[in-house]
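Take a look at these structures.
Presented sequentially are two complexes of chain A, the first with chain B as partner and the second with chain C.
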Partner chain A sequence: MADQRLKRALEALLHPLAAIVLGLAVGALAIWAVGGSVADTYTQMWNGAFGSAYFAGETLTRAIPVALAGLGVAVAFRSGFFNLGGEGQMVLGAMATALTALYLPGPGWLKLLAGLFAGAAAGALWSWFAGWLEVRFGIQLVISTLLFNYIADLFASYLAGGPFKDQTGQGALNQTPMIEPSARLPKLSATSDLHAGLFVVLAAVVAVWLWFRFTALGYELRMYGSNRAFGQYGGLRESRMMAWAMAVSGVLAGLAGAVMVLGFQYRFIDNSLTDPQYAWVGLMAALLANANPFGVAVASLLFAALQTGGMGVELNTNVPMQISSIIQYVVVLLVSVKVGHWWVRRRRRQTQA
Partner chain B sequence: MNKLLEMRNITKWYGDHLANDRVDFDLAAGEVHALVGENGAGKTTLMKILYGMERATSGEIAIRGEVVRIHSPADAIRHGIGMVHQHFMLFPPFTVAENVVAGREPSRQGWFDRRRAEADVRDLCRRYRLELDPRRRVADCPVGIRQRVEIAKVLYRGADIIVLDEPTAVLTPLEVRDLLATVRHLAEQGKGIVIITHKLHEVMEVADRVTAMRQGRVTGRLLARDTNVEELSRLMVGRELASVVRPPARPGPVVLAADSLFLLGEGGKPKLNHVSLAVHRGEIVGIAGVSGNGQSELLRALTGDLPVDGGRISLLGRDITHLSVRERRLAGMAYIPEDRQHTGSAGVESVRDNAILGHHRRPEFQRCGWLRGRRIDREVESWVRRFGVRTPSLQAPAHSLSGGNLQKLVFARELAAGAPLLIAAEPTRGVDVGAMEFIHSELVKYRNEGGAVLLVSSDLNEVLALSDRILVMYDGAFTGELSPEEADEERVSLLMVGGVRSG
Partner chain C sequence: MQMWLNASLFTSTVQMMAPLLLAALGGALCARVGLFNVALEGLMLMGAFFGVAGDHFTGSPWLGVLWAVVVSAAFSLILAFLTLHWRANEIVVGIALNFLALALTTFLLRSVLGATGAFYDPAMRGLPIWTLAGLQRVPVLGWLFGYTPLVYLAFAAAVAMHLFLFRTVPGFRFRAVGINPEAAASVGIRPARAQYVAVVVSGVLCGLAGAQLSVGDLTMFSQGMTAGRGFIALVAMMLGRSNPLGVILASALFGLTDAIGIRLQGFMPTQFALMVPYVVTVIAMFFFRDKYLRPLASRG
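The block that comes next holds the complex of A and B.
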């Protein structure tokens, strides 16, 4: 029995590992094409990502929002829904967190907890709303969640540039005032930016795993996600499944925004969450990991390492840092072939039903 | 005798599992040779070896007396071997002609020559008496026609040896009749035909020779005219099959009642036209009919998957017309769906997880929303044992189970709750003889213990063997009710095609 589980786990790993190896191979080809040394470039990339406590800390810091957003996608995906709205949910979560931590009266620890809660709640509501629209009016999730990103981003931009704009200091930036030090997530490292958001990620990974494996609701979502017709036959209602899957997915995306505000930026800064594409990298991580929560954490770390490592490459060799993007996109391309296949098969099943 | 095909001494090991043990098989031109056996007996493996999908561990294959090597389906096709798989491999959005010629399209100056493709297919159909409209989209064709397209495809590629894998599993009785006629006709034209099946009545009807297999070995090689169904099933199962023993029914109070159910279909034609029925405690009510006459809609309406446009459904006296699937299940309805793979299970999930859907909210199985893993394991373990589900472990994915075992698992899940009503749709479709025997006896046992069963099956023999009352459905309504004494195949068949109303 344990044997079989191990075998299944190894089989599940085979595809993503192959994608990564192939991605690195194509990267090597690209390095060779621009006249760099493959061995040297990859060494620099490794050093740039994990070469010292500082670089390792930066990589981990970058992986935090990616992993949380990725977990959000994974929860929806496992339940049979596509949540492409991670970015908007993250941005709204960040804004809700910043405003709560700024304006809620009380001691710092209360602001911190309330901030986390507000971020999670904002993400959940925004995500749930998209699900409700599909149940109520048949507006497809793939469309609504995608477009909701623009609404959320622009709305948060407006708040950060208008009513809640920090009027002190550099007026050019659209950002809220700083939250007070006692309401911040503690730093974990003297040199790098690594913060206690890491623990939020670890807790979320374990919680998602436990939830799917050991709770009745997680079980229902898993069955529903594996075979919708089977779920409905077993008495699971689509409206309820979608509400839960989307809300929990939104909680995780919202938390990604919340920890960025409370642990990294200490304020809401316009475009600071969208420019690095945390949510989209998280989506890729979820796909690469086939929605396994532990896998999402590892894949997030991998993608973050490619990014920070890419900077090391740019600094120390003549190879441009876009080499990282090449690797990343080759990996994602290979993974999405499988996902596309899954999606088409699923559509077909639904139309047959 | 002129041998089209000879397979000699074929042995196939999968790891340490012996799937074929020194099997000999041969086929003459103009012959229909049936290969029978339970699931897992090795007949599909043998044919996969022939078609180049698997390689034999040892043994040889000769075609027209010449030893050949077949390493891939392409090799097999080159040697004139064609296979019609159980699951069709067609492109539904394309037309019949396009599907038939796919892979060998006629072309003119590099462009697909549709007119010639259609003409070719028309010729082919005339020659082999296949009724097909080359311009029809496959997506619009019923299952029986799709299968004909598969056969045409194989013929178009010039196959002389045609293997049909469980061809009747998905067909209605009328379609089966057409198929068997086609098979006979192809044989008369000099084709050699292998038909893999476990429906023995069909074998007796169509085959010239029969090879029976059990546990990887050939257990009998007979001329069809020298044998009978009983002998063949003994060779397949290795023992006598008990026929269903059914003590007289002692019906109690009504469990399920449907009153004048009405459902409008597309184009204003009713799918269910004022259908009423009652199922009592301790009886099996069978619904016979050619599939597509409203049985699916009736099932969906009764189980809560499809809201009706009129009428009333009650369960144990309680109005359930507007209750959800879940509420109906809680009210005492168990349901074995028509399609165990598409609806009845989630293939990638474990046997354990598949076994508890619908029960998972019971207090024994969860406390405050947390599943009680050990209790569940213990319970599912006992169901698996009681229903003889052969599975490597509770953690094995459901799709690793054979059809019969998966169906037993579905059965176990639905009977485990002790629900007073069981709706069983096609409970033995595509399962082997052993599993069928088991499921039938369990159904009768459940009924003897006071359960109410509504049985819907397109297998007329099944309905006749099990039912205490038989309702015949045609065109969205019941055309008659018969007792098992007055129901014979002929009478029911007549009602199934809309013949005289009786009673």
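The block that comes next holds the complex of A and C.
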């Protein structure tokens, strides 16, 4: 019994591991092609990701928004919906958090909690809205969530550069004023930027797992996600499933933005969440982990390490840091073959139902 | 109002719509054989980069276009191979390819062209403007002329695709594959072959679209310069019901929106003006809620 389970777990791990090894091989090819030293580049990458307490802390810090956004994608994915709008949900969440923490009167802890709540709520609303448009008007989620990213980014950029712009410091940057110190998430380390958002991630991982595993609604969503026709036959309504899946997915993406504001930047800075592609890296992590919440956390750490390692490569070699992204997307492409198999099986079941 | 409704609005509409039209036609051909090609954006970006790289290294914008087409078509083969041969999910592969294209072009921009953010070479020539013997000076209809050859090609490609799909036997077979692959296979049509062809042709068209952006409109490449045009093209394809002539109309709508958006920048905050194409695209989606593309997209 235990043997069987161990064997299955190993099999589930084998595929992503093979993809990672192949991804690194393709990365080596790219490094070699532009005349870099493969061994040196990968050494710098490792050092940049885990070479010291500082770098390890930076990697963990970077994994925080990635994991939260990835969990959001995983929730929707497990329920059978493709939420490609994590970026916009994250940005609006961050903006809502920043404005709440800045302008809500009251003690610091209240601003902090209200900020987290506002971020989650903004992400949930924006995400739910896309879901509602599909259920009500047949506007496809895959496209609407993509386009919503641009709209959300531009809107937040307008707010940060217009009505809520910080007028004190350097005028060139589009950013809100700083949040007061008492409303910030505490730092966890004296040497790096690691902040208490890490606990939000850990809580979210466990909560998502418990939700899918032990609640009736989680069970319904899982059922609906693995076989939509069966779910509908069993009386599950698409509107309700969509609303829950998208709202919870948006809550997680919104929280990703919220903890970045409260724990890392202490203000909303235009483009600071979109340039590092946190939400998209999270989506890739969810794909690599096949939407398993614990797997998402591990995959997020892996991809965050690739990215911080990429900065080490950038500083110490002639190879551009985008080498990390190349490796990451090659890994995802290789993993998609497996995901695809799973999807085909699912569809076959669906057509038989 | 006067400065709005003049011939230059039409001219910029045609300029804006050409890359959208080329990419949307590629998407439409894929949709006709039952594939939802989300990778248009990445394919276009590859085309845009290699158009400029080819122009820079060979000194000829035409060879640049050729590079763009070849690389973009090769890139599309990855999509075809993973989704058709390995049965990977087309949306997952499409999204990953879009980001791979962004990473790859930025990587090459820096390591091969040695530029950060954008590459511009004053010695580089862009595609010529074909004025067709000064026809662009004809009153009232002058806006119909005076574009790069790729713009005319975009319209020609739409007409050609229309004739192919609805007036030829291979076109009929293509459509049969999209409607019911099993039935098509049962009468001896090979669905996988039609699908491979469609994906590679979409790669060629997106390569042209990207080249039009980089060596046609601007003669430069900047990081991520497609800025979501591939996704707007996807909606143009849906709005045009994957019908080449319908796709022309839909692309014209989005081209016009783009052109108006640029003009609006003087009247409202830039961000709202830039938002216009995306908002209009979402609104446009209200109009094809029914019909046959629904199952295609919700399958993902």
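FYI, the second predicted complex is superposed on the first by the 321 of 353 C-alpha atoms of A that agree within 3 Å, B and C clash if a C-alpha of one lies under 4 Å from a C-alpha of the other, contacts with A are read in each partner's own complex, and residues count from 1 in each chain.
We adopt the following convention: a contact is a pair of C-beta atoms (placed from the backbone, for glycine too) under 8 Å apart; a residue touches a chain by one contact, two chains touch by 3 or more.
All values derive from a computational prediction rather than experimental measurement.
In the superposition on chain A, A:Q140 contacts chain C only, with no contact to chain B. By the document's definition of touching, of the two partners only chain B reaches A:F214; chain C does not.
Residue contacts after overlaying the shared chain place A:R222 against chain B, while chain C stays out of touching range. Of the two partner chains, chain C is the only one touched by A:L283; chain B is not.
In the superposition on chain A, A:P107 contacts neither chain B nor chain C. When the two structures are aligned on the shared chain, A:P181 is found in touch with neither chain B nor chain C.
In the superposed model, A:G235 lies in contact with chain B only, and not with chain C. When the shared chain is aligned, chain C comes close enough to touch A:P320, but chain B does not.
Set side by side, chain B and chain C differ in how many residues of chain A they touch, and the one touching more is C. Those residues of chain A that touch chain C in the shared complex are 30, 34, 82, 84, 133-134, 137-144, 146-148, 150-151, 154-155, 157-158, 161-162, 277, 280, 283-284, 287, 318-320, 322-323, 325-326, 328-330, 332-333, 336-337, 339-341, 343-344, 347. Against chain B, in their complex, chain A makes its touches with residues 1, 4-5, 8, 214-217, 219-220, 222-223, 226-227, 229-237, 349, 352-353. On the side of chain B, the complex with chain A involves touching residues 303, 305, 324-329, 335, 337, 342-349, 353, 357-358, 360-361, 365-366, 369-371, 373, 392-397.
Only residues 38, 78, 82-83, 86-89, 91-93, 95-97, 99-100, 102-104, 106-107, 110-112, 228, 231-232, 234-235, 238, 269, 271-272, 274-275, 278-279, 281-282, 285-286, 289-290, 294, 297-300 of chain C touch chain A when the two sit together in their complex.
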